[in-house]
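As structure tokens, here come the structures.
Paired with subunit B in one complex and with subunit C in the other, subunit A is shared by the two complexes that follow.
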Partner chain A sequence: MKNEAESQWRRDIIKYRHFYLFISPFFILFAAFSLYPVLFSLFLSFMKWNGLTQWKWVGLGNFTSMLYDDILWRSLWNTLIIGLLYIPPMMILAFIFAQVLNAQWLKLRAFYRAALFLPCVTPMVVIAIVFSLIFSSEKGVLNYAIMGVGHMLPFLHLKPIPWLESESWSKTSVAILVVWRWTGYNMIIMLAGLQGIPTEYYEAAMVDGAGMWERVKSVTMPLMRPTFAFCGLLSLLGTVYMFDEIFVLTNGGPGVSSMNFGLYLFNLSFTDFKFGYASCVAYTVAVAVFFITLAGLRITRQREEAK
Partner chain B sequence: MSNSPKMRRMLAMGVFYVVLTAIAFLFLFPFYWLLISAFKTQAQIFTIPPQWIPHPVIFNNFVELYRETNLFRAFLNSCIISGGNVLLTLFLCSLAGYAFAKYPQARGHGKLFNFILASMMIPGAVTLIPSFLMLVWLHLINTYWAMIIPGSASAFGIFWMRQYMSSNVPDDLVNAARIDGCTEFEIYWRIAVPISKPALAALGIMQLIASWNNLMWAFVVLRTPNMLTLPVVIYLLQGEVRTPFGMLMAGGLMTTLPLILAFLFFQKQFVAGITAGAIKQ
Partner chain C sequence: MLKTFKHHTHSMNKITVARISLLACAALANLWFAGCMPGTGAPSVPAVVTPSLHPSGSITVWSWNIAAKSLMRLIPGFNKLYPDVKVNVDMTGAQMQTRLMLSLACGVGAPQVSQLQLTDTPHYIDTGRLADLTPVAAQLRNSFPDYLWENCEKNGHVYAIPWDTGPCAVFYKRDIFQKYGIDPNKIDTWADYIQAGEEILRKSGGKTKMLPLGLDSLENMYLIILQQVRGQIFDEQGRIAINSKASQEALAIIKEMREAGICSDVQMFSQEFMAGINDNSIATYPSAVWLAGTIRDTTKDYGLGKSRWGVFRLPAVTKGGLHVANFGGSVLVIPAQCKNKAAAWAFIKYALCSRKGQADQYRNFDLFPAYLPAQKMPQVTEPDKFFGGERVGVLFARDISKISKLNITPDWAEASTYIEEALSDWAANGMHNRNFFGNLEIRMQRRLGDSISPQSLSYSENNG
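This part shows the complex of A and B:
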């Protein structure tokens, strides 16, 4: 009996050999650059290794080191603050523009869409350097504009802002850059969400005498919740693992005031060459982020069902 | 007269468009700054009040860029790496996507596909060090392959191609080709690939942008000046003491323009790709 099942199994494999043949190039690379790294990274989490000498088993040593790693905690804190600074304005702006672009009567639609969307196709290096010019404290055009407003409205007591030189402003500067870069991306996702809402719903609401604001509140918002959740999830991951933006604009500085997790991990790995410890940190944070995501999705779903 | 509802509506519309356009220009402003700074001297870049239109217009930045850096080589490197990465990704993902779309009866089909979907949850940060070590062991550090191969096994790419092919490549056509004596690979290459051009274009443009802009990985795996890509060369132009901003902006312009053109050309496909990525969840 067993033999028969086995030969059936073999016949099936041979019959569908093309399936296995066609997916094998992908799976070979996938195994080498995704599957194996995930496992090897877990192995390294329990080792002390600089990449050159023989690795040394340290047990849970890396995990306890994390508890006393001030810069790690500081970078996680910065990640949270940067996220709180940019996610709300970005989401609101993206939602407003998605709403506007969704209106049939809008003129110059292609222009507005391209203007908001171009930032997320441009190389971050270039743009971060342009922003460092704009943010420059004495000769920057942003402070020039602020001073211009200050002259017109003297009672505001506006002063030039040390955007990149001060520990208290560096996170805000990063947040502005990120809003500029990612609003268009979120806008497109929200636009897709809006276009998925059947027009009959709006028509029904209009028959019931709902004004524009009411229609947004009671038709659009509830139906957009999954889209908002998705954008939120992308932003969470984006903030934790952000690299280019911060690396070029501030390189985490001044001090470590704008160092986020992504940059810290890069430095641990490829400046300090602490391969074991870096793997441990990467793993722990990835697992934590995974559970935060899961919890977030569950809360949105529960609210959905409560309705 | 001005209180008539029609006038008020027009006024509101006017304000609406002015605000909208102002925000759009705010978003375009850094591009404008990049463009004009490329045609200014260092002193012109830092004058207060700022020169909104460079006066005089300077072309020297481009000359110096050509003389002092290996920008042409970097441009070539970027083209080879991005081109290679896009082509390899499209081939691998469409071939596997075709297999997942058209052989649903194969053993392990569902499990393997779910496995790929689950792998999309793995953040790149976790695989960073082992992927790097893998390239070291394969002696691929400081080669084009180090940039081309790792990102090409894209789980999203497979998902994306499978979705498109399973609904757009008719089974009847595949069977008819089989009866006509086409090999399985010929069916994929001659029938499925041409039909899937729109999906390939969307995946290709997304991969192109990611690959062209890739800074972190380039930093890790490229070592000698003749191998560096445009973003790295631009980054390294920033000096410790004095940064030649005019030259940087000229180089930045040349790094950005190809992408902007590619985006404007393939805007529709790109948007379709992102939208699909959002709907999959």
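This part shows the complex of A and C:
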């Protein structure tokens, strides 16, 4: 029986060989550029290797090194803080913009949508130059505005803020840039979510006498929850692996006050050339992110089911 | 109505579940970062460079900004001697050294000649993928200062040729000094310097700070002062030696500077740093000779009088102490995989080991010659109009042989991250010195895996 099944299987492969041939490019590319690096980096996690010399088996040595790597822990902490600083305002702004741009009465909607989406397709180097001018502590337009307000309202005792020069403000500066850059992107996703809500629901709510706030609270918000979850998850991953924003704006400084995980991993790999240790760190954090995502997903599901 | 909403929410949820699962898998994509590596392979035996009387063919040189421009300017002169060698200088820009490392690892793709920072050189030599220059370069040993040459060698073999060096001094604005009655000749020690800074700050009503010293520049200043007191990060054997009296002295001076309020809290080469060159916000720039190029470039668009700038020697830590230190500098290397080593060496020799080649680079681009005979050339010793006719080259060359050599190890870049981070933290959190270097030493030891030097203060404490 078994042999028969096997020969049938072989016959099928030969019979449908053209189809297998047609789908093979994906699998070849996937194996070469995704599967192989992932498996190879798992292997490297147990090795000491700088890319040039022969690799050396260190067992769990890389994993124990992580415990003492205080810059890794600081970079993870920074990642968390940057995420907390930018994700809530970005989501709120994106939702407000999406609501406004979804309104039928608004003219030039396409223009506004394009304008809000523009920052996330603008080259990061250009953004970095503009933002370093904005954040400049003595000549920057942001401090100029703050001082202007300070002159008008002297009781506030406003002082120029060292946006990029101070350890306590560098994360905020990164967060401001990220909010500016990614709000439009999230807005587009939310706009799609809003447009997916049938207008009948709003009409029914209006017939029931619901005001604007009631409609947002009882119709829009519950139906948008999956979209919010999706945007939240994208932002979570975006925060962990954020790279270019920080690389060009602060390069992780001053000190390592704005270094997030993505930049730390880059430095570990391509400045220090510790490929074995970098693989180990990458794997550990990827697994942690996977489980956090899973946990978040489960909580969202349970909440929905409880309702 | 609510039920309908719930049903709708559930169906959307299914789609989201699928999306979220996909995204969670995408989290693994970061593994590509570490996993997509060039092939390994046993370390190749470093190829040895042998000279040729008539080199030919074409070579590519990787270099960055001003240094690259400086090399380009040398090509016509080089081609007069070697008409059959075509030189292509590639200003490859960002992350050049990283790409070089990847090319070395792959065994293909590296240029015939590449620039490296002096502080990164031992790390690249350690790979065993650079050509051994000993047969052609060993006799040049005495033409370069020890503090550079010794970081270009490993086990008695030469792998890099020093290009420019960064002797330090203080660039100052003459008009500000005149206005507030400060005599630069009377600034002998860092204490004098701080005192002058306080005077300028007071007389300018707090508008003019003495120097730019933001959190990211603390490490540079620390290393400059550390050399003046002959301190080290690593000892000769590569063991951690940062916890020393010398380090404490350097830190004390930095603390004094910051407490005096004379430091402008700006990052190096930031908007404020550059603007300070043209306005009255910063009076002096203690730095290496190569900053002169930036100052000349930045001021030329503003049409200011060229005699506005002057240079005085680096203040010493104590009276009679060293007035010299090195900051920066780079080298040229030939990757072992280079197929035209004779042509590559001919170019390096012309650019770095000839008096004219090096002296011209100083005149054109402020790259101070590491090649000692070039320091006596008129291009270096002549009065510099920009600096009010001062013989700036002579000032920078003075006592250059006394510069204390920093032992640079292959771990230097990683150690530097720790030092920069610790100093930045220290300055941002009240500058409490208590066991600063002891703690830093422990952290460096844990991460780098290097042992503690017997010269360390903690070593002597622990061993009676």
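In the analysis below, the second predicted complex is superposed on the first by the 304 of 307 C-alpha atoms of A that agree within 3 Å, B and C clash if a C-alpha of one lies under 4 Å from a C-alpha of the other, contacts with A are read in each partner's own complex, and residues count from 1 in each chain.
In this text, a residue touches a chain if its C-beta (ideal position, glycine included) is under 8 Å from a C-beta of that chain, and two chains touch if they have at least 3 such contacts.
Fair warning: this is a prediction, and the values are worked out from it, not measured in the lab.
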| item | value |
| --- | --- |
| Subunit B versus subunit C as contact partner of A:H18, first or second or both or neither | first |
| Subunit B versus subunit C as contact partner of A:F30, first or second or both or neither | first |
| Subunit B versus subunit C as contact partner of A:D70, first or second or both or neither | second |
| Subunit B versus subunit C as contact partner of A:I92, first or second or both or neither | neither |
| Touching partner for A:I299 - first (subunit B), second (subunit C), both, neither | neither |
| Which of subunit B and subunit C A:L60 touches, first, second, both or neither | neither |
| Which of subunit B and subunit C A:K139 touches, first, second, both or neither | both |
| Touched partner set for A:P123, first subunit B, second subunit C, both or neither | first |
| Partner chain(s) touched by A:L156 [first = subunit B, second = subunit C, both, neither] | neither |
| Touching both subunit B and subunit C, residues of subunit A | 33-34, 36-38, 40-41, 44, 51, 133, 136, 138-139, 226-227, 230, 233, 237, 241, 262, 265-266, 269-270, 275, 278-279, 282-283, 285-286, 289-290 |
| In the complex with subunit A, residue positions of subunit B that touch it | 17, 20-21, 23-25, 27-28, 30-31, 33-34, 37, 45-50, 92-93, 95-96, 98-100, 103, 105-107, 109, 112, 116, 119, 121-134, 149-150, 152-153, 155, 158, 184-185, 188, 209, 212-213, 215-216, 219-220, 230-231, 234-235, 238, 245, 248-249, 251-253, 255-256, 259-260, 262-264, 267, 270-271, 274-275, 278-279, 281 |
| Interfacial residue positions of subunit C with respect to subunit A in the complex | 1, 4-6, 8-10, 12-13, 15-17, 19-21, 23-24, 26-38, 40, 42-43, 95, 98, 101-102, 104-105, 123, 127-129, 214-216, 265-267, 270-272, 275, 281, 413-414, 417-418, 420-425, 428, 443, 446-447 |
| Subunit B-touching residues of subunit A, taken from the complex the two chains share | 9, 12-13, 16, 18-20, 22-23, 25-27, 29-30, 32-38, 40-41, 44, 51, 93, 97, 100, 107-108, 111-112, 114-119, 121-127, 129-131, 133-134, 136, 138-139, 141, 144, 180, 183-185, 188-189, 191-193, 226-227, 230, 233, 237, 241, 243-244, 247-248, 262, 265-266, 269-270, 275, 278-279, 282-283, 285-286, 289-290 |
| Interfacial residue positions of subunit A with respect to subunit C in the complex | 33-34, 36-42, 44, 49-55, 65, 68-71, 74, 132-133, 136-140, 162, 164-168, 196, 201, 204-205, 208, 219, 222-223, 225-227, 229-230, 233-234, 237, 240-241, 253-257, 262, 265-267, 269-273, 275, 278-279, 281-283, 285-286, 289-290, 293-294, 297, 300-301, 304, 307 |
